[in-house]
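Got some structures for you, see below.
What follows is a pair of complexes built around subunit A, which joins subunit B in one and subunit C in the other.
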Partner chain A sequence: MMLFIRECKKIFHSLTFIIYFAAVILMFFTQFWPEMDEPVTSSTIDSYELAKISGEPETIMPKALDSLTGCYFSNTYRCYPYGLFKAVHLNSRDNDKIRDCITEMSSLNADELEELKAASSISHVKVGTNELESYNVKGVPLSVDITYERFREIMGEVDDILGGGSDYRPDDLAYKFSQEPMTHEEILEQYDEFMEKDHIAIAYGRLFSDYLGIILAVIPVFVAAALVTADKRTKMNELIYSRRISSFRLVFTRFAALVLTMVIPVLLCGAIASARIMYMYKGSTPDIAGAFAVSGKWLLPNIMLAAAMGMFISELFSAGMAILVQFAAWFMCMMMTSMPLYGHIRRFTFICRHNSLFYRSEFMKHYSDFIFSRIFYTAAALAAVLLTVFVYELKRGGKFNGIMFFGKDSIFRHKT
Partner chain B sequence: MNKMIEIKNVNKFYGRKQALYDINLTIEKGMFGLLGRNGAGKTTLMKTIAALHQKKSGSITVCGVPIERAGEIRAMTGYLPQDFSMYPSMKTDEALEYLGALSGMKAADLRERVTDILHKVNLTEQRSKKVAQLSGGMKRRLGIAQALIHDPQVLIVDEPTAGLDPEERIRFRNLLCEVAEDRIVILSTHIVGDVEATCEQIAIMDEGKILWQGTVSQLINNAIGHVYTANVERRFMPQLKKEYIVTGMITQAEYTTVRIVSDSEPDLPNAVLTEPDLEAAYMYCLHSSGCGIKGDEE
Partner chain C sequence: MALCFLARTVYSDIRHNFLPHYLLAAAIVVITPLFFSVSELDSRQAAQPLEMIISLTGTVLLTPVFMPEQNESIRDLIRSKKAPYLLTCMIRLLIGLLLLAVLTGISVLYMKKCHSQVTFRHFTGTAASAMALGSIGFFTAGVSNNVIIGYMASLLCYILNFIARDKLGIFCIFSMMNGSYDEKKWIFVLSFALILSVFMYFKLIRKY
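Take a look at the complex of A and B:
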């Protein structure tokens, strides 16, 4: 226990922890806090512009085909590879492949497509600082033989030709091409779920976790890497290596200290949010415990895995490499996040998103996958800590000095 | 319990480079000096004894425990590395408590032990100071304190006096002698004066090999008849240094009084045999073992 307290104190006094603390607080106040400006009531819920996604192939297919045909005519496709906008212009060979995809999905041949192009009007659409030429195409006839499964397959090929991240990614088709506003009755149903099933606070707990989960999937790595490399930086490692403590106990104590200290600012934000919710919904009984429970399940695996990876990669390579790897993994996770930002939690989703106080039923549809992912990443974190123990033991006994990319022990340096 | 370190036929490699060659040593209770030039392999041998390095072959037992049982070896060993520091933001007593906790000490015992050990190394007044605020000598004493915190049977100190002023060096040597009363203390150094002042048993290492092992007086006896003093004109000094091992020089006006180590009587008109000191005996040992040292160059 004494060692655990000492490790916690060391972390509290580190600059990286102070930065971590500030980052969590900043994320909380800039992203989540504005969502608590005013309470949700049956009269204000209409202002949330809730939409539903029908997901019906009859709606998706014609809209998606019209959109693709318009882009094909102008040879300008809007894509967001890695989340960044890119106007894709294909060479004639690839654009011909798109034409072949369109002719398979529609009942038009290449000549008829050219006729349609000539008959279509052109408009200019502004996307950020880019002005794109766009053909207004409506009513491209679908092939009578095309099934929705084949349609999705072809759209997958289109997305590949475009380099990914296009409007035609199969998983995003429903969101892009079958979204429509909810009716008033449907909105009131959402309100009822918010009040009766989420007991107010659980909905806020999900939204809180959505925002904080983004940074808690990456910034704990900085704190962990700093803790692990502090021994070497302060020339303390040989004093520690020569002690009686087992590598298992030392590494797990440090891991536990990292997780506990990094949970503290999250709990603090949770307490502030709870006080605000209690104040906003005076007269109601928000389920604060439920909110903490959902946030705990959601965020703890993120902190654990980021911390464990930080420890493991820092021991194996260096702190810089740990930050690089975790940041790359985080970036990939963020870019793989599908729209809309709810209802997309899968078994291996690391950064779970549910960027709304509503759509509880969408979240609950994937609840078992959510739980699976949380257990999976908790187990992955523990496995990474065990690997850290193994590497630490090797280093401690002089059997391994870590893998260096630079300096005199670089693996790229020719050894005689 | 068998209070002894036994090293038999130990070889150690860094990659393809051999760092220790067939080392055989027996170290008993008290101060033991490991003397050698920089790069002689002293630190490698110390770390191997402290279970921080792997040997390629041979055997080492510390108080009857084979070195392969690293956990037990670490429990009975205190180690002060040559180049060490501690978390600079920790206070002196906190650093000791932290390292004591890593040694498996209980919180209740630790507080008392930290007070005792700080008193022993004369750092009581600095207990609330941050490590970063301590002087070089104080840090060295703190280093000894951390190595002794768990009352180990074996204390291994690597070049502990390097960079200390004479007063701190003497204080440090006295401290080592005190703690060596009831345990094995291995002092590794290239400073002959440290060994002369503290150790009875010594070993001399060079290029990963043990050149000599025995008592200080035996080493000095070996050099009897090989150490001379002579008065030499200053202008002949460069030539003299090329031909002989010069271990001391005192310059007076036109003449320099030199202390020379030589196998035979030097070809100098006023050379007289003199009593060897440990430094001269050490140089003679290196020279007679065929180690390339200044004065051997032709």
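Take a look at the complex of A and C:
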């Protein structure tokens, strides 16, 4: 217990923790706080301009097929493989594969497609530096035999041919081709869910976790890396190595201290948000405990994994490598986040997004995936800590001194 | 004599301390076209890979300038040498800035070759963004004497821009993506002030 308290004190006094604390508070007040300007009421909810994704195959299939056919005619496909725009122009072989996909989904053969191309009106759209011909295609007849499952499969093939990130990615089809504004009645249903099922606070808890989860997936790595390398900087390594304490106890105590200290600013923000919610919704009974429960499940694995990776990679390579790896992982997760920012949580989603107080049913649809991902990343964090124990033990025994790519201890340097 | 000192410093630093950083910065430039389209983009689209990815070379090149002397033994050894310590740091910084300009230039020219609508403004704008990220890291690493804090500050600034660039006003480093160039002169001035203040801090407070 003494060791744990000492490690906590060490972290509290470190500059990295102070910056971490400031970053969490900054994120809370700049991103989440403005969402609590005024309470949601049945009369103000219309201002949220909610959209619904019908997800009905009868809506999706004709629209997606028309869009793909138009892109095939102009051989220009808009893709966002890593979040950034990419205009894809296929070679004739790959474009023929797209044609085959279209002919399978529609009741047209290749010759009829050519006839449709000739009959379609052309407008000019600016794509990048080019002004390209855009075919206005409407009403391509669907094949009577095509099922929605097969349609999704074919669209998956199309997305693969295009290199990913296209409008035709099966998971995005519903969002891209069946989005429409909600009716007043549907908006009121959202309000009922907000009041009756989310008990106000749980909806705020999800939004709070959405914002804070973004930075908690990366900044704990700095605090962890700084803690691990502090021994080396202060030349305390050898002294600690010679102590009787087991590597398992030392590393796990440090990890627990890191996680606990880094949870504190999150709890503080949660408490401020709770006070604000109770003030805004006087007369109601917001489920504050439920909000803390959802935020805990959501954010704790992010903090744990980022901290554990920071410890493990810093011990194995260096602090710089830990920062590089975690930042690269964070960047890719962020760039590959699908729109809309709700309803996309899957089994291996690390940075979970639900950027709305509403759409509870979309969140609950994938709730088991959400729980799976949280358990998975918690287990991954614990595995990384166990590996850190192993590396630390090797270092203590003098059998290993970390992997270096450069310098006199480089693994590439021939030792005589 | 001065040239000889310069050459020795450059060679020694590259060999012992900065090669991984220079290679990483070059790797960022090389891998960008593999993941993101750089062909046939209009002015705003071209600013996306430049500001969001190439600007990270600033963090990689400028933040670790004080890194070798984080080891106290090396710091004492360096300070015992005849050559002024701050001059050594300045040379490292200038090499970092030079490389930053070269890598940004290569990226912009490559995009030009790929028929993207890039101009000299894209070059200066990206270099200013990279310099801003780098100088924040350089400043915090220098003042805190901890390069991890430097990376943390620099990348936090990047993350803040990533999440809330519309709210940052003149401190937005991704402004070209929104079609605005005015912010660049402010972040350039800020970068210069941060770099200058680190040297002032070392000279006047730490008495180096």
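Some observations on this one:
Going forward, the second predicted complex is superposed on the first by the 397 of 416 C-alpha atoms of A that agree within 3 Å, B and C clash if a C-alpha of one lies under 4 Å from a C-alpha of the other, contacts with A are read in each partner's own complex, and residues count from 1 in each chain.
The rule is simple: a residue touches a chain if its C-beta (ideal position, glycine included) is under 8 Å from a C-beta of that chain, and two chains touch if they have at least 3 such contacts.
Since the model is a prediction, treat every value here as computed from it, not as a measurement.
After superposition onto subunit A, partners subunit B and subunit C are found to sit side by side with no clash. Of the two partner chains placed around the shared chain by superposition, subunit B is the only one that A:L250 touches, whereas subunit C remains out of contact. Number of subunit A residues touched is higher for C, counting subunit B against subunit C. Applying the stated contact rule after C-alpha superposition, one finds that A:H124 touches neither subunit B nor subunit C. Contact with subunit B, but none with subunit C, is seen for A:M236 once the two complexes are overlaid on the shared chain. Look at A:I19: by the touch rule set out above, it reaches subunit C but stays clear of subunit B. Contact with neither subunit B nor subunit C is seen for A:K282 once the two complexes are overlaid on the shared chain. Of the two partner chains placed by superposition, only subunit C is touched by A:A225; subunit B is not. When the shared chain is aligned, subunit B comes close enough to touch A:L3, but subunit C does not. Once chain A of one complex is fitted onto chain A of the other, the partner contacts of A:K399 are limited to subunit B, with no touch recorded for subunit C. Measuring only between alpha carbons, the smallest separation of subunit B from subunit C in this overlay is 8 Å. Note: residues 235 of subunit A belong to the subunit B contact set and to the subunit C contact set alike, using the contact criterion stated above.
Partner subunit A is touched in their complex by these residues of subunit C: 16, 19-20, 24, 35-37, 39-42, 45, 48-49, 52, 64, 70-72, 115-117, 144, 146-149, 151-153, 155-156, 159-160, 162-164, 167. Those residues of subunit B that touch subunit A in the complex are listed here as 15, 47, 50-54, 70-71, 74-75, 77-79, 81, 83-90, 94, 97-99, 101-104, 107, 110, 146, 150.
On the side of subunit A, the complex with subunit B involves touching residues 1-3, 6, 9-10, 13, 230, 234-236, 238-246, 250, 396-399, 415. Subunit A meets subunit C in the complex at residues 15-16, 19, 23, 26-27, 30-31, 81-82, 84-87, 126-130, 214-215, 218-219, 222, 225-226, 229, 233, 235, 319-320, 323-324, 327, 334, 405-407.
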